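These notes open a run of structures that come right after.
The two complexes that follow have subunit A in common; it is paired with subunit B in the first and with subunit C in the second.
Our next item is the complex of A and B:
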């Protein structure tokens, strides 16, 4: 029983950390959707660009990967703005399907560009303040330093974005744009600028996330999809456009994918020989999507969604 | 009269030309090669491609420095010195795409046969296409045991498969408890009796998991955790938690490249301390894996080819030198087996003396390539034609290598099993994180 208690604690810690990682990746996606009703399929590729930025810039400048984060954020923001003015602005004139395929095309373009310049092999950061470090806080309860840093950054980012949207004039303009772009334009709000800002904020947040993640995760041109599949589920679960929803849903998903070790500990503690072979690890993402499916059926706007 | 003379002259000319043309045979022999050239296993794909290309280069030219029959002929001798042309296709790790590519190669490119596909899941679909069209396929590097259990008539596999490799692992563990490992005293059985395994869940990994389970039972080990996970997963911490909680003496893995890197990083961050850490080749035998540096010192991987094999086999050294010239690094398990796969194609064509599928089929079923022709440390190549495994090479063998720090400070693989050909003392226990 004691083992079970410790395992629950471990899974909670691990789930919280991973959940905050998922939430941070989903943040940019939900901001862009919230303002513009556009699902950015290329979101994961922004993450990949952030990862490569840190991977390449850190040895070039001879500084720790963590110190290159502002640069990764900047690259993400610039990429977001470029994508907005170079592609999205035109897509907005077309039907919904054009927007979907447009960002899908952007995803394939960015991925293949990375393939061309970086090759397909996974690459890792070898040295840094966060690389390979972890903090033991109890018997077997470990905080992995990269995930801890991402979690802290995640909370900070959510606080900043929440503050930006709810407590500033710019945020009011963003909200106005998302509620009724035409009305906002009549009120003298430059919706064009607001859209670009949403892409900049979305790109910056995921760029920084990438810069931090590469301290732990190997990066290759296809890495974006690993995280965006979860990010889409996170955003849909939390409610498209809801910042708070992305945070809660991210944590929820983090906790769900950390359930299997608890299950294993339960089996060990009750010595259920018959159930030994029942490995639920391979179903952990099935559980995530099952819950996603349930919520979609029962509450299509998501947990905290306000857009219909 | 003049007309008759003209017709007779043409007829004579034709009669002289026809046998001459028949004797000349095909100028080129097209082999379709399907590998993962992009996607998650592209790094392996690059090695596979280079291995096959090198074998074709050696077969197509006369290379006096290589002690191999195919290096002396400058093409396939029995086919009038016809040269091999390889047509590469990229399956991206996608079984359906692989099957489509195989169809294209057979119907559009009119290839004589197919080599590939590394991923067992792709080899499965591609071999099914070959079977349907009656086109021979030789597989050099897919190790799912089920592939040769389907009774296919057009499929031959040169590499030993995971059942053999996994058996090697258990023989190694038992040998360790009996003090057979070089430089290590007999290890108490209870120290390594508990095992925990995590395998990726496609065709290959899930079959490794089954083999591990079966052999653990047969050899009397306690398999406390046997986890399947998605190789394309953003997080492996829950899997690692369960592995550590099982308190195993040995942790066993079947991973592709990215997930192998993430697995080691997660094991390290969660401070895993198994006595033995073993990987079933693939991701554990890639240049990217070696870039993990000190973190992998002591890690074991099964392989069919390790750079230290050149110490035992001069021929491997000769081919390895050419490979280093081409790629800048040593042959590995993937490239050595791709080389051997294509080499087998050359010997089969030489024996068949024809590009007709039936003749190739007969040649495959009766061929016997001695070990002294091969770069891999096998007894030879001879395919089984009866029993529950059809088309499997019965003369193959596996190795277990260990990453060790070498004199120059670099991390390299040393052979630690079979015990009698170990190239360095075993580092035991694994340092832990």
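Our next item is the complex of A and C:
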């Protein structure tokens, strides 16, 4: 029984920490969706670019990976703006299906570009302030300092984006455009500029997320897919376009992913011999999609409504 | 001040407005009246650059504006208060008003305009923190007009401000336009289905029918003419 208690605590802590990363990845997606109603399949590839940025820039500049985060954000923002002006702007003139295939194509393009330049080898940050350090907060409950820092920085990024959207003039203009782009144009707000801003903010937040993630998650050109899928589920759960929803849903999904180990511990502690072979742990991402499916059926607008 | 010269507008090939010309002089209130579907909103949207012209020109203070983007036209001082108001529903009254001043960078004039709007519509001041979408239709129309005034427009274009409002609110809206005429140096282009009220308010009026000007003249004269009285006022 003691083992079960520890397992629950462990799952809660790591669920919360991982959830904040999921939330930060989903933040960029939900900002872009909120302003433009466009689904970016290449979102996970933006994350990958952020990961490689930190991985490569840190030894190049000889600074700690954590200090390269603003650069990862900057690279993400520039990539977002480039994609907007180079591709998305043209896709908007076409039908919905063009947008789907367009961003899907962007995903494949970025992935193969990474394969060309980086190779398929998974790589991770090997040294830095955060790597390999941990804090023991209880018997058997170890807090990896990477994940703790990631959680804190993720919350900080959320605070910055929230402030930008809700407290600044340009953020209000962004909100206005997401509510009614034509109406906002009559206020003198350029839709083009706001779209580009959404891609910049979205790209920056997912770039930072990548820079954080690479401290404890290996990067390879295909790393994006898992995170894109989780980010889609997060955004759907939180409500399309909702910043608050992305935060809450990200944490929820983090907890859900870390639930199966608790189940396994329960099975072990009640010594259910017949169920021993069933290792629910392996199905943790399946559970995310089971929940995603349920949300789509029961509450299609997500927890925090459709856009508002 | 505003000069529309022979504009033609097509929707998927079909002309909905053909060779239309009109003028708005400074400090005048010009009414454009006509039945539903006569092209009144099309005219205003064409002026705002929201609809492309197939032919013709639009000039504002001598400058061609028909190739400009909507946000550039707004910066020249033409403000459009759209049909159906198009307020940003979940945002507060004050946030909506401040968005109306998006192109204004001078903080002092923003504050002055906000005070003026609150003085013009005390109800907006009382409810400035309320989500604008939760207010009544009349209050929303006040918010929409107030938002239009936030950038001290040179030309204010009101698109069916009385549509869907209770009679008491309708007269309040028109009373506001009268006050703007008296106090401000704003030129107003008023598009209305409510022909009688619009003609009473306007200095000059155009009667629009199927995308063309059917009649124009001093509003008082139109109001008195038998043709208008029979066709639009049912008298």
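As a convention for this text, the second predicted complex is superposed on the first by the 306 of 308 C-alpha atoms of A that agree within 3 Å, B and C clash if a C-alpha of one lies under 4 Å from a C-alpha of the other, contacts with A are read in each partner's own complex, and residues count from 1 in each chain.
Definition applied: contacts are C-beta pairs under 8 Å (C-beta built on N, C-alpha and C of every residue); 3 or more make two chains touch, one makes a residue touch a chain.
This is a predicted model, so every value here is computed, not measured.
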Which of subunit B and subunit C A:189 touches, first, second, both or neither: second
Comparing the two partners subunit B and subunit C, which touches a greater set of residues in subunit A: B
Contacts of A:122 with subunit B and subunit C, given as first, second, both or neither: first
Which of subunit B and subunit C A:253 touches, first, second, both or neither: neither
Which of subunit B and subunit C A:267 touches, first, second, both or neither: neither
Touched partner set for A:180, first subunit B, second subunit C, both or neither: second
First, second, both or neither for A:16, with subunit B first and subunit C second: neither
Which superposed partner A:222 touches (first subunit B, second subunit C, both, neither): first
Common ground on subunit A, meaning residues reached by subunit C in one complex and by subunit B in the other: none
Complex interface listing, subunit A residues touching subunit C: 169, 172-173, 175-176, 179-180, 182-190, 308
Subunit B partner contacts - residues on subunit A that touch it in the complex: 3, 7, 10-11, 14, 18, 21-22, 115, 119-124, 126, 132-134, 136, 140, 142, 144-146, 216-218, 220, 222-223, 225-227, 230, 257-261, 264-265, 268, 277, 279, 281-282, 284-285
Contact footprint of subunit A on subunit C as seen in their complex: 48, 50, 69-71, 74-75, 79-80, 82, 86-91, 95, 98-100, 102-103, 147, 151
Of subunit B, residues touching subunit A in the complex: 38-40, 42-43, 198, 201, 225-230, 232-235, 237-239, 241-242, 244-246, 257-258, 261-262, 265-266, 268-271, 287-288, 291-293, 295
